[in-house]
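Each of the next two complexes has chain A plus one more chain, namely chain B in the first and chain C in the second.
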Partner chain A sequence: MTLAAGIGYALLALGPSLSLFVSVISKKPFLILTVLSSTLVWLISMIVLSGVWRGFLPLKTTTWWPFGILILTSVAFQEGLRVLFWKVYKRLEDILDAFADRVSKPHLSLTDKMQIALAGGLGHGVAHAVFFCLSLLTPAFGPATYFSDRCSQMPFFFVAAIIALAFVTIHTFSMVIAFNGYAEGNKLDQYSVPIVHLVAGMVTLVNLAPGGCTVGIPLLYCIAMLTLFHCGRMVWRRLTENQSR
Partner chain B sequence: MASTFLSLCLLLCFGVRLSFSGQSNSMESVPDLQKSMYKVVDGYPCVRLLSLSGPIGCSNPGRDKVVAPIVTFKNANQLSKSSAILVSLDEFESLLTRISGDSSFASKVAGVLVESGAGVQNKLKGFSPELKFPQVEFAPYHNTGHQWNPTGSGIMWKSYNFPVFLLSDGSTETLHEVATKNENNRKGYTANVAEFDLVMQVTKSGNHGSESCLKEATCLPLGGYSVWSSLPPINISSFDHSKPIILTMASMDSASFFRDKSLGAESPISGLIALLAAVDALSHVNGLGDLTKQLVFAVFTGEAWGYLGSRRFLLELDTHSDAVHGLNNSQIETVIEIGSVGKGFSEGGHRFFAHTSGVSSATNETLAALRHAQESLPSENIKIASPSDSNPGIPPSSFMTFLKKNPAISGIVVEDFDAVFANKFYHSHLDDISNVNSSAIVAAASLVARTLYILASEKEDARDSALTAINVNASLVEELIGCLLTCDPGLSCELVKSYISPSSACPSHYVGVVVDEPSSTPYPGYINDVPRFIWNFLSDKTSISNENGSTGCQEDCKSRDEVCIKAETDGKGVCVASTTRYVPAYSTRLKYESGVWNVLPPNSSDEMGVVDPVWTESNWNTIGIQVYTIQDAGYDRLVLFGGITITILAYVAIVITRAFITKAMKRD
Partner chain C sequence: MAQNRSSQSVLDTMGEEIVRILAPVSLCMVLVVILVSILNDSSATSSISSIATMAYSETGTDSSWDKFVGAVLNSLAFVVAITVVTFVLVLLFYFRFTRFLKLYMGFSSFLVLGFLGSEIAMFLIEHFSVPIDCITFSLVAFNFAVVGVLAVFMSKMAIVITQGYLVLIGVLVAYWFTMLPEWTTWVLLAALALYDLAAVLLPIGPLKLLVELAISRDEEIPALVYEARPVNCDNLDPRAGVTQRRVWRDRRIENSNNQIDSNLSVGSNSTLNANALLNSNLDGSNPDVTHNATNLVMENAVSNPSFNSNTSDGICSDRNLVRAEEGQVQETDSELSAPLIDHGTNVQLNRAEAVSNANSMLEGIGLASSGGIKLGLGDFIFYSVLVGRAAMYDFMTVYACYLAIVAGLGITLMLLALYQKALPALPVSITLGMLFYFLTRLLLEVFVVQCSLNLLMF
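Let's turn to the complex of A and B:
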């Protein structure tokens, strides 16, 4: 499929992340550091998961529930890690605020905190895209293309790229929702993030059915849009609340 | 709004019935994915060969691989773009003729894939890419209009500027499926293509003839090693080796349009097997050393490419080289050549023709010996017939070389045909085991063995009682057929493995190229499997039994009369007393000097050398075919455009959102 297609698929998966990085993250060095360390943490989490599951793979099964268990355990591990991530961030926030007091500078504002959450989410999204899409893209730079027999309507690499894009969106904005939920003590937000992650993961199982990708991928994008929407509404509410104080 | 969104999504979810049937293509890693994208196809190539005057064969037109969508020949009439044509064997010749004739059609042909299949020999009446009079320029007579091979089309002697491959049986089916998928393709932006890698070095360097390519070392000359053996061994140290020699010969190489599929079962391997079986039969006779004449057996290679083996053999005899030490040209009294004998089965009996050149007392003696041998074998029901008078002379055979050198030499060529080859698949990949009959080979071997005994002994000694002791082992013939003409067991059969360790199981009788400096004691690694086997076999059969059989001959054997056989097997070799030697086989117009092959100017004393094309084979890096699916270039650009668009749109959306939030924040 040549260089053009390879770059095209890579941009499909990571282009919006790149745009976000350039327009928001790159302005503040602390955010760049946050993205990098977040990507690293989440990549390590996926490597640990693959290491644990290596002994059970390949799953020689024609039913879907072993894959379901795989997704369930992976999502549970990552959500547990998210709580830990939050706790580390809280510690860091306290340290930064104490430092700010010492140099008579203001504490982290609400927008700062949201941007840090966004950077953390972007790191998670980029880690997912690298692990699940970019690592598969090397053959896409060669002359041949590939159509999976269960999804013969679109090239395999295209499917991988757009699924990765959906997950990048979900992870990026879920982190904002989650951090906000933990900060406010909002149980709904705290629980909706893991549930959305799990549901998104399970929806990809629909792609296992022959021709299922024509249903699975739109469903996944529904979930991504929902996440984006919910995040937008929450951010708007917090900001206007903050203003009115 | 979110709720309507959610309900839409739920609708989608319930609107589909999920089933997970079907096999999953289990890929465990990205290299697995890469492998499943590119299907490697088994194919036998047609390669580029050069003569002094120009090229023949096939090659990629440049330095790059050729990539083209696969189309069947039936649908090739409306070709819009350059394609790879999948053609069946019966239409292959007409395709090539059409390409040579129609240049607009030829410009759309990127490559040709030839199907193979079981039973194709039954459908075709005959298929021969050879000329109608093979190697006509070497004939020792002037009537060159006679068509020995009427089914010949001559396509293997033409030059093609595109790759041609013969597919194996399994690959034929794969490619049929791929071609059908191409035709039924609804997705306009993909195509199934074949990628041909047949880049020849002479095409890259722009060499058009043997001389220039040999100078630039982009090609190597065709040739190999012939084997000769004497029964019983010649005692070199004794002074009296002036017995007249009866030379029996056969050739071991064939040719075909596709280099690696030159089996040549009927022409000439049937003759080779008959010779080997005759040697085996005669080796059990006592008192061969007391016969008045010496029996010498020679197996030549390179005969299909300008009689390289026989010409070089005679040249070495003239120069008294080490390779033919013990032989003298003047000693050769009679020559018997065993040509194609595998089809001599007709009407319940066996019929062979004794082709001769000229009349002489020695020839008549040989013919009489043949008749005597025929009569001593009533059970075989053999008939020896004289060829018809309308024949211009002997058929294409190594004996032509001997005649050119000495027109008075006496000899006969034993063949199973009269005026026209019985072999309808001469020099094609279809000349395989189904084209020969083992009982005909056994009959020919018995005939020749007994004839040789009659000729070599005084007339009184050739009693019937002695003759009845000479019997050809029919199971040996069957075994040799299985070893030399099939892939299973092929060269990994017991007989061959007891002498050598073969490099592959499938035998190929293509002469090959001369890899290093030709010598009389070549390094065994440079000699092909079949010549090595023949050398070991003949050494073993013609050896005098050695009581103190010393095992292990890592260094040379003690006396000059001994050779080390079975050196590649586990036993590490045995020294036996035998006179069996390799003789280099390459064009008499070539000379190897300080690492370079030089073409010598034509010499009027070497008539055959004057007309010798001096065949060389191009070097190459890799040869192969791959099949994969490609996307249109337009689709690739669309994907890139889509990726860039999404990136830009996301950027715009983010900037707008940020501006919106900042404005809203500053509102109060």
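Let's turn to the complex of A and C:
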């Protein structure tokens, strides 16, 4: 529905990420590079998944369990990749600390590490939003709009955009929680992130049912709020601990 | 105190050089994608006749094999033409016809900006129905082209204008290339990546000869090259850009001069008349501590915000003046501006001098003598051609190809730091870009569309 609507949908999905980028990430070039590499890593993960599942597509939408398996395998693969991402980050941290020693600057502080985790999460969120939402928005710039059968109350683009927003939130802040969990050795955090991801993916299965999106999307937003809240509480705790030390 | 210490972390400065070359490349790609998406759905695909299509003009009715063979013939013809022209360029440079080369480059920039720019402007005028008459248009186009030629070749202008015009030239030529038929474009990109690899790395390659000639004569190659702003003290660019002479510099000269420079800089800093505070901090200190001293001054002068800029200005200007007298522009704490690739080369170098290691390596990465990274305009053009071609299919391929090209550029920069010689920037990025384009088009798109249309996301 014209240029304004197209831009509107794009900003709906990516607006908070854009403001995060402009306010926090763009100040430090290293974080920009982290966002780009993170986006690339998750793009590669999606290409691998699509390569694996290409033979089975297109799936019939009458049964829901093939989709369930699809989501299960995809989430499992991505969570495995997250652990790998953490290992690479640990090595990078050592290299950065060694470099800091050489130029006689302080080691990476807690806020630095959390910013790198945030940049990594933002890369993940942006990759999701770009490939699941933005790349489908091309028709939205034209003169018409499209309504999906199963969710006929709102234009399809709008629904896709708000789901993408929820997932961007979940991905961005899950990475911060996960990195903190790995750093502190907190088992609860380490396991809650994959579980939250899986639950969020499964909740979207509800959208397969007619009119299911009226239930699915609010549930998704509850999960996003939960992630946001948990991350905020954890960051607050760590910062106050760090300062009191 | 803790606040100021944390604001000095390594994260602030690292990777800045890479971002400074990524930004214009991304801008060029974005502009080409916008042009392609605006102009290509309005008019029918009009194929152009050029050197690149002289062997075969693709029509819609040919079979795939015919198209492929035709595309290969086209690309072969184009690559042969480019090779011949590059050898002619090397010959002219060898016989020191530098002035002729500069004039020719200026003339071709004028043609690109004037005629190609006007043609694309007319497409846009036609699309948006802009009411403009031909006299105004020709006047504006002429002025635009002349300023562009001056900015890029003839005189020193504000660096933003030069960089802007270079990006614009890249956009115009790239858009023109996207008007080639599809198969020809892809085979041409692959052929050019191979040609670039051969021309820069093989001993008989024309580009390698050119670079070596330029180094041995200590002259600058007259060519369209984008140079990113050097990282440190960039508020002084007009004064600090003494001479952008060499591409690569001999490390031995670097080392000895660095020792002299570090002593001189400390001495000259004490004569700063702007900051008495600074003098007391800097007397008798070595350059490594100078930076920390700057920070201390900033802490003390918190109540006086204008003081801070004077401080950094003062230090930087004196450093640069000193080095300008020495005939080179290099900062001792420029190690901070060394990007991520620092650790790689330090493993390679056998010498023990810690400071000079980073400096010589920075001199190696920073192809310009002022430390900024240089990227040829041809690289801009062909990256944008790839992304523009991807835009003609769908936006998903655009994003995938953009990420692939950026990754390829990053890898090339790391290899640059590792091998410390002129490297071709096309092969890695184009290979990754093409790979991601075909993978996305064949695999990812079906997967993602299937999931998203059912509102299933993960």
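In this text, the second predicted complex is superposed on the first by the 244 of 245 C-alpha atoms of A that agree within 3 Å, B and C clash if a C-alpha of one lies under 4 Å from a C-alpha of the other, contacts with A are read in each partner's own complex, and residues count from 1 in each chain.
By our rule, a contact is a pair of C-beta atoms (placed from the backbone, for glycine too) under 8 Å apart; a residue touches a chain by one contact, two chains touch by 3 or more.
Given the structure is predicted, the values throughout are model-derived calculations rather than measurements.
Undergrad: After the chain A overlay, clash or fit between chain B and chain C?
TA: Aligned through their shared chain, the two binders fit side by side on chain A.
Undergrad: So in the superposed three-chain picture, is A:128 touching just chain B, just chain C, both, or none of them (first/second/both/neither)?
TA: The answer is second: A:128 touches chain C but not chain B.
Undergrad: Regarding the shared-chain residue A:58, is it in contact with chain B (first), chain C (second), both, or neither?
TA: After superposing on A, A:58 lies in contact with both chain B and chain C.
Undergrad: Does the superposition put A:158 against chain B (first), chain C (second), both, or neither?
TA: First partner only.
Undergrad: Looking at the overlay, what does A:215 touch: chain B (first), chain C (second), both, or neither?
TA: After superposition on chain A, A:215 lies in contact with chain B alone.
Undergrad: Should A:96 be classified as contacting the first partner (chain B), the second (chain C), both, or neither?
TA: Only chain C; A:96 stays clear of chain B.
Undergrad: One more residue to check, A:4. First (chain B), second (chain C), both or neither?
TA: first
Undergrad: Pick one for A:225: touches chain B only (first), chain C only (second), both, or neither.
TA: first
Undergrad: Using C-alpha centres only, what angle sits at chain A with arms pointing to chain B and chain C? Round to the nearest 10 degrees.
TA: Value: 80 degrees, nearest 10.
Undergrad: Give one of first, second, both or neither to describe whether A:150 is in contact with chain B, with chain C, with both, or with none.
TA: So A:150 meets both chain B and chain C here.
Undergrad: A:190 in the overlay: touching chain B, chain C, both, or neither? Say first, second, both or neither.
TA: Touch status of A:190: no partner.
Undergrad: How far apart, in whole Å, are the nearest Cα atoms of chain B and chain C in the superposition?
TA: 5
Undergrad: If you lay the two complexes on top of each other, which residues of chain A touch chain B in one and chain C in the other?
TA: Looking at chain A, the two contact sets intersect at 57-58, 111, 135-136, 138, 148, 150, 208.
Undergrad: Show me the residue ranges of chain B that touch chain A in the complex, using the header's touch definition.
TA: 1-2, 5-6, 8-9, 12-13, 15-16, 18-22, 24-26, 28, 30, 33-34, 36-38, 67, 190, 195, 628-631, 633, 635-644, 646-648, 650-651, 654-655, 658, 661, 664-665, 667-668
Undergrad: Touching chain A in the complex: which residues of chain C?
TA: Those residues of chain C that touch chain A are 5-6, 8-16, 18-20, 22, 288, 292, 333, 335-336, 340, 342-343, 354, 358, 394-396, 399-400, 403-404, 406-407, 410, 436, 439-440, 442-444, 446-458.
Undergrad: Once bound in the complex, which stretches of chain A touch chain C?
TA: 28-33, 36-37, 39-40, 43, 46-47, 49-51, 53-54, 57-59, 61, 67, 70-71, 74-75, 78, 95-96, 98-100, 102-106, 108-109, 111-112, 115-116, 128, 130-138, 148, 150-151, 156, 159-160, 163-164, 167, 197, 200-201, 204-205, 207-208, 213, 216
Undergrad: Note which residues of chain A are touching chain B in the complex, please.
TA: On the chain A side, the touching residues are 1-2, 4-5, 7-12, 15-16, 18-20, 22-24, 57-58, 60, 62-64, 111, 135-136, 138-139, 142-150, 155, 158, 165, 206, 208-210, 212, 215, 218-219, 222-223, 225-226, 229-230, 235-236, 239-240, 243-244.
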